[in-house]
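Shared between the two complexes below is chain A, which pairs with chain B and chain C, respectively.
Let's turn to the complex of A and B:
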């Protein structure tokens, strides 16, 4: 099993969209292909955020908070399974964004709108 | 030349040299400081300009339902610009972690207002109500950046 997941190299440099029908780089496919196998095995990996051309909130929410909403993991399980690496200028805030999405997600809950 | 003349002359020369060196050091310090302040002001202007570009793109995007022909381009322009200003605020506030954390909160709220929900979705519906939130968070980000910049 890979010791880390580099989103830009292993998945796409242009993440975007929530669902498979939204196209290549969507959050659901990333969650199911990369994150689920790790968390189901109880492993822990680094997720490298650097290198992508930014992350829309919809992608981050679907990929990471989707583990709570769609698969029933607790926020603590999700956040302890993945360590986020963001050294590129401007990318460290994505870590707090992901943590916030995961912590506010509820099982079977709808995605939250900001307003 | 007697000692009574030489000593004051030496002291005078030394004082002049010290003053001159001190002036140079101070001048260099203030030049550097002024340049740094000017760069910060320029960065703030860029931040403001690009934030309002994003605001304009995002309000237009959410005012209408999905347009398969142009949505990907507009979404890319929004995410690309957000990534740019995100790097800009990191550079601007990198020396003060408490300020950086505060600006990240404003930055994330603006990002979420623009790119959460069905952003990038092929079944996206118009959501004009979101435009209000985009306006609020855009102005808040710019105001917060200006306020925090005074604390640098």
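Let's turn to the complex of A and C:
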């Protein structure tokens, strides 16, 4: 079990975009490779946001709110599976954004792509 | 058969040779005349940009010039040939960074459309400041024209640092991060701002996803379908600027496709009155898109716009200007919005962030 997920070190320091065709820092790949295995096993890990250049909303929404929209988890399940570590100046805003995106997401089955 | 003497044969041969030579001369003369006529009739379209090449100070003349350039690039004469274009920059006294970026993007499209063969003609007659800005932004590199070292050093001596324009048809977050890193290498006071990174990435992402719909009836074909970006640092003013531009249809034209369109219509109707009038106003549509995104339940167009305005929120003295389609929206650090609608379409979306450095403490 991974004790934590350090996005900048384990995935990319330059996150951006929603879909695999958007490049290697996209939210879908991060969700499927890093977040889904954890939440499916019912585990809980720390997600370290520090170290990245920043977090565009498209990435955060697709990665975290995508667990609700595309995989049917409840917002509470998502937010209790991951604890967010953000100590760099300004990074706490990204935690608020993730929580906001997850809480306002609804399961949508064959939902149209948001963009 | 009549017998011809040897002497007579020689005489006839000489006459025949004279006639042949004279026919050759006549044909050569006619060919030269035709060529001269062709040369005289070869069309050279001269585009003369206005003395003030700036969207904020001289919008109409600047956009009209860019439209003339695009028209000339795509126009063909009656024989299906393209006219030669001379972009005479010698009359330009001042060019803004935004103007230089958009002009650079147009030159990029020109080059892509017509291939190599562009050349700089009268650069010694250009205003030195204009030459410096265009050199810094990579104008000559784009033209693939070698310029004298004197002009290169002229650009290096400028007080304002301007980063070479970058461009991509992909999202390329790393490329955008490089702008921030390059600017930090000259402006040590500039700290990494995660919101600027997010804003640049979302602006480029909006260009990639929305700016170039396939079924749109384009006046000028968007051959490259990408984005262009640059940045500058003015130590005297303590200001950094970041700019991202695309040659797409503009935000207002993309909104009817967005799932938040009905919310935009409802917001405009409740806030500004007559919906029939307001839906024509590009600036209202851009403002509504920013507004609706704030409350949007699902991800979408507007979440990107929230990222676009995030770097200026709570940072005194900062602002972001969005020129898109015919609309102009200036959003400042306290959330005030200045709107304007122009007669001419800018030919895409231009976003310009203006951030003070040093007093850059987020409130």
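Annotations
FYI, the second predicted complex is superposed on the first by the 108 of 115 C-alpha atoms of A that agree within 3 Å, B and C clash if a C-alpha of one lies under 4 Å from a C-alpha of the other, contacts with A are read in each partner's own complex, and residues count from 1 in each chain.
The criterion applied here is as follows: a residue touches a chain if its C-beta (ideal position, glycine included) is under 8 Å from a C-beta of that chain, and two chains touch if they have at least 3 such contacts.
Predicted model, so just to flag it, every value in this text is computed and none were measured.
Overlaying the two complexes via chain A brings chain B and chain C into a clash.
Contact with chain B, but none with chain C, is seen for A:92 once the two complexes are overlaid on the shared chain.
By the touch criterion defined above, A:18 lies against chain B and chain C together after alignment on the C-alpha atoms of chain A. Of the two partner chains, chain B is the only one touched by A:100; chain C is not. Of the two partner chains, neither chain B nor chain C is touched by A:34.
Look at A:65: by the touch rule set out above, it reaches chain C but stays clear of chain B. Looking at the shared chain after the overlay, A:57 reaches both chain B and chain C. On chain A, the surface touched by chain B in one complex and the surface touched by chain C in the other have residues 14, 16-18, 22-23, 53-58, 61, 88-91, 93, 111-112, 114-115 in common.
Within the complex, the chain C residues that touch chain A are 170-174, 177, 180, 191-198, 201-202, 205, 208-210, 259, 297-301, 303-304, 306-307, 310, 362.
Remark: chain A residues 14-18, 22-23, 25, 52-58, 61-62, 65, 69, 88-91, 93-94, 101, 104-106, 108, 111-112, 114-115 touch chain C in the complex. For chain A in complex with chain B, the residues that touch the partner chain are 14, 16-19, 21-23, 26, 53-59, 61, 88-93, 96-97, 100, 111-115. Listing the residues of chain B that touch chain A in their complex gives 72, 75-76, 78-80, 82-91, 94, 104, 107-109, 111-123, 129-130, 132-133.
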